[in-house]
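Letters A, B, C and D name the chains as they come in the text, with residue numbers starting at 1 for each one.
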Amino acid sequence: MDGNETPDLDAIIATIADEMLSYQGCGKVADYIPALARVDPRHFGIAVTLFDGRVLVAGHADVPFSVQSVSKIFVLVLALEKRGAQLWQRIGREPSGSRFNSIVQLENEKGIPRNPLINAGALVTTDALMGVDDPVATIAHITGFMRELAHDHQVGIDPEVARSEAETGYRNASLANFLRANGNLDAPVEDVLNVYFHQCALSMTCRQLARAGLFLANHGVDPLSGRTVCSPDTARAVNALMITCGHYDASGDFTYRVGLPGKSGVGGGILAIAPGRAAITVWSPGLNAAGNSEVGALALERLAAMTGWSVL
Amino acid sequence: MDGNETPDLDAIIATIADEMLSYQGCGKVADYIPALARVDPRHFGIAVTLFDGRVLVAGHADVPFSVQSVSKIFVLVLALEKRGAQLWQRIGREPSGSRFNSIVQLENEKGIPRNPLINAGALVTTDALMGVDDPVATIAHITGFMRELAHDHQVGIDPEVARSEAETGYRNASLANFLRANGNLDAPVEDVLNVYFHQCALSMTCRQLARAGLFLANHGVDPLSGRTVCSPDTARAVNALMITCGHYDASGDFTYRVGLPGKSGVGGGILAIAPGRAAITVWSPGLNAAGNSEVGALALERLAAMTGWSVL
Amino acid sequence: MDGNETPDLDAIIATIADEMLSYQGCGKVADYIPALARVDPRHFGIAVTLFDGRVLVAGHADVPFSVQSVSKIFVLVLALEKRGAQLWQRIGREPSGSRFNSIVQLENEKGIPRNPLINAGALVTTDALMGVDDPVATIAHITGFMRELAHDHQVGIDPEVARSEAETGYRNASLANFLRANGNLDAPVEDVLNVYFHQCALSMTCRQLARAGLFLANHGVDPLSGRTVCSPDTARAVNALMITCGHYDASGDFTYRVGLPGKSGVGGGILAIAPGRAAITVWSPGLNAAGNSEVGALALERLAAMTGWSVL
Amino acid sequence: MDGNETPDLDAIIATIADEMLSYQGCGKVADYIPALARVDPRHFGIAVTLFDGRVLVAGHADVPFSVQSVSKIFVLVLALEKRGAQLWQRIGREPSGSRFNSIVQLENEKGIPRNPLINAGALVTTDALMGVDDPVATIAHITGFMRELAHDHQVGIDPEVARSEAETGYRNASLANFLRANGNLDAPVEDVLNVYFHQCALSMTCRQLARAGLFLANHGVDPLSGRTVCSPDTARAVNALMITCGHYDASGDFTYRVGLPGKSGVGGGILAIAPGRAAITVWSPGLNAAGNSEVGALALERLAAMTGWSVL
């Protein structure tokens, strides 16, 4: 299909939602905290927000889920706007070739995380955003940003998830202490972890998240409100990081299959950006071996094939 | 700039060529073989082939250079057309996070190279293309393919480069033997190396290479001749690999700066694909620390900025 | 020299102390905490405790220093006596080939430290000793053990060192959290670190430490008091670990040069065991690149050469 | 048992041989070449050569087996005698923490093998011994040396094993090419491999090998003939390397269990040195997971326990 025609998106979304029924329950729901473990594995939602204001949805598009690592994208936008290119002195921009929570690369590269979308890099990003601020203020800042972007003041943090993350977050505590040992955290370790666990615990629907990400498809300007969220450079940088690093050590596979910048979270959500066209969120809690939504990625693969929206 | 308008490309190319004069001689020319070491570091060429048949050139666009790893793209196209998705049982599709000639990842992952654009993966790709054929026939096959794509029968292999590569190629011999020890080469080690050293020694101009790669910007069909070179799936796969893995352990940086699928070679050439629009080749022999053309990447960064061709 | 003759040890010790004067100040004093950084780099002490009760000393043999990692030996003795071979389900017995505080190996081997003499392994050892006990009780247990072994109730913990270790111990906190994330710590992370930082802060003289280690030269029985400190198996295990892993990633070099089981600490102390003959402590604060006392190792090399005490 | 008494060795050897019957066939015979794969897994032999000239044997002590990596010890003696401490500029003296044929460490440490007892280090050792000599002359040199040491001119190389090693030796070819790429081989890759494959193919009995190694227990002087084979420094260096690195990534375990310097080979042989007392060879083809003789190590563990010969 020629990417410049307008495909019948309503039909496409309906078809995809229908097709995904046969994969219901595929993958393995994250079970490291109870609040994630008890999510119904049969859920599937999709929302596509277009530049003309239409929002196409199917399935459980209005059920909130834990955005987890998808939040890294938005905190990165805030940190880049606040710190500019200085951030790249503390974090790389390369795929890591390792799992999302790997510490090996950190040791080999003196505490500079490979990119901001692995856990170590996200901790540095959060620290860069926080600066000398209070963690509570930073959490409020992030939550407020998400509410504005989503145009929905229902967006909030699930306190049970935040608490569980903190109680079980030894691996992230290991990363944060390692970063601090290498001088790559400024705020106290517990403050950075506190903010990080809260941002991961943001609870949003497909509809909210697809609305929130739309500015990334339009050089940093929300095409509906006209509001400038970030600079074109920031938007392009974030998209570049998503297309090369957005799915941990399965980023190459996602780009191969879908051909769009995207970011996944262990809650089962994926935000994908179709530059110049749309922002898309899919959600299905079952994860594949790399920790990405199995059915979600499949749905996006179908969407890209049917719309011709792949950038490649 | 809006990506859908036609920018004044002639002016852009002239501007870039002019700007690059001030970077003349930047980077370090590859010196592991004499034929590369003696290339004039001040060379700079650029060629842009458009869907309407125009070819815009500047600088040393008609001086042949050693394409080196850029050849991996074309051999991959041939291997994917011959073997289809079976190839992915022998090679991954993920960024390696390592240098182009690293063997560490191979040991940790039982002889399956991370992707076809690092040396180990390219050796497997070459082996997959060769099958039970004669190495001489395979070399002829590759050369013929490049001539057809470039529409120029001058394209050929520099025998001095091929010989030098063979004489100094201990690192590649190490990789090939390692692959064979893991059962991931079918042909004899020396035959695979023979073909590989010859494909690296292909000598082409910016103009020839930009013409040869045009089909990758058009779903596998040469927009000028109408000839189907490969399937849309192959074209998309190759573009995906270029955008995530095309510049070794600096692939993320290239995508961040340029926003186009691209593949570099230590001869100083880079082929970049602007989907739906053009194929671009830049050439400048000086390499940066990651082994990619320093001025070439800069020229592409400017081109993307001035044309709005970034896919992100 | 034939190892079975009794060399004139008094003369040898005096000679060594004299020779070491010309190396005064060599190496680099640990400076990660103030209490270590301000130690006079010109200090050198040596003490040799023999089976007949004689103690030969020279230099600053009665100046207390921070034993640091030498304490790992004694905590390991206690843990092995308490837990027996079960301990080896939680820690390996192999040289790590990595630095003392490396976390890479931990990630690659699912949280099982390579041996008890690197930091990660020592943290597990401390946890195994502590069990469900109070950290304060465990610290008292260790201190009491050292006093008994040294036959000197002056032995104690330097509270400033313990406090500084805790304040700067991000790397160890990273290791401890990583171990806990892998289920290889039972006690709370902060309790294990608390005990660990205190055991490292033990302050002892060469004379005290050489007395304390004597049982390791005699199959676990203190030859002077006749008291059984540990089983022959424990003593042999500890000696084996010292000869293969006692000097981090320079263990092979120490065994090559000295030929005795030994354990170093970043305070500049080294405890060496001459089986059937003596326990030796040297102390000189300047460290080599691997973190071991430079002059201390040299003194032991000379001692082994002059006495023929090498076991090899 | 006190290590200074003379235990009833005849009884001990007989007991061990008897005990080992119940482990007959344990472990997995090396099967990468036919000549090794067809060895009877039930074989067990032991030979102990004492300073008084007695040789105590049991089991298949006079059946020749492929010495494989045990040969590394003797080539190292020759190379150290020829090159002295210069050899340590090309090879380290540290345990590798990796498998015998790992290439990871080589890449991370710029082509300097960790020690001479892993394959990469042995290749450099062989190259250092060969220098500008002919490979055939070097093979003859090594064979002659072994014959002299064993006092038995039957000692020779199994040509079938040497040929099979060469035909299947891709992993070693990978290592050798890697070393050459890093400038750490002087002779042509194929020559070094040729000598290496032949030294591994030496075929010897327990009796011959225990006789050959006796000088290592006596500071380099054969106690029976009085001949000086090597300097005391060389003998001590080789023993130190055996106790820290002699069993690949299970060296720590061997030292923990046996407490003697030792070197294993995938043919199932182990040479152990009891300094001042004896040289011991055990042979049993079944290997454990680390590639060391399972029953052989067990027999040595029993021998050390019954004789008190552990050096620790």
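Heads up, the rule we're going with is that a contact is a pair of C-beta atoms (placed from the backbone, for glycine too) under 8 Å apart; a residue touches a chain by one contact, two chains touch by 3 or more.
Source: prediction; values computed, not measured.
Trainee: Averaging each chain's C-alpha atoms to get its centre, pick out the one most distant from chain B.
Mentor: Centroid comparison gives C as the farthest chain from chain B.
Trainee: With chain centres defined as C-alpha means, what is the inter-centre distance between chain B and chain D in Å?
Mentor: 47
Trainee: Using the average of all C-alpha atoms in each chain as its centre, how far is it in Å between chain A and chain B?
Mentor: Distance between chain centres: 32 Å.
Trainee: What topology does the chain touch graph have (line, ring, star, complete, other)?
Mentor: ring
Trainee: Let me know each pair of chains that touch one another.
Mentor: Pairs satisfying the touch definition: A-B, A-C, B-D, C-D.
Trainee: Taking the touch rule as given, give the residues of chain D at its contact with chain C in the complex, in rising order.
Mentor: 3, 92-98, 105, 114-115, 236-237, 239-241, 243-245, 249-253, 255-256, 259, 261, 275-276, 310-312
Trainee: If we count contacts the way the header does, which residues on chain A are in touch with chain C in the complex?
Mentor: 102-104, 107-108, 170-171, 173-178, 180-181, 189
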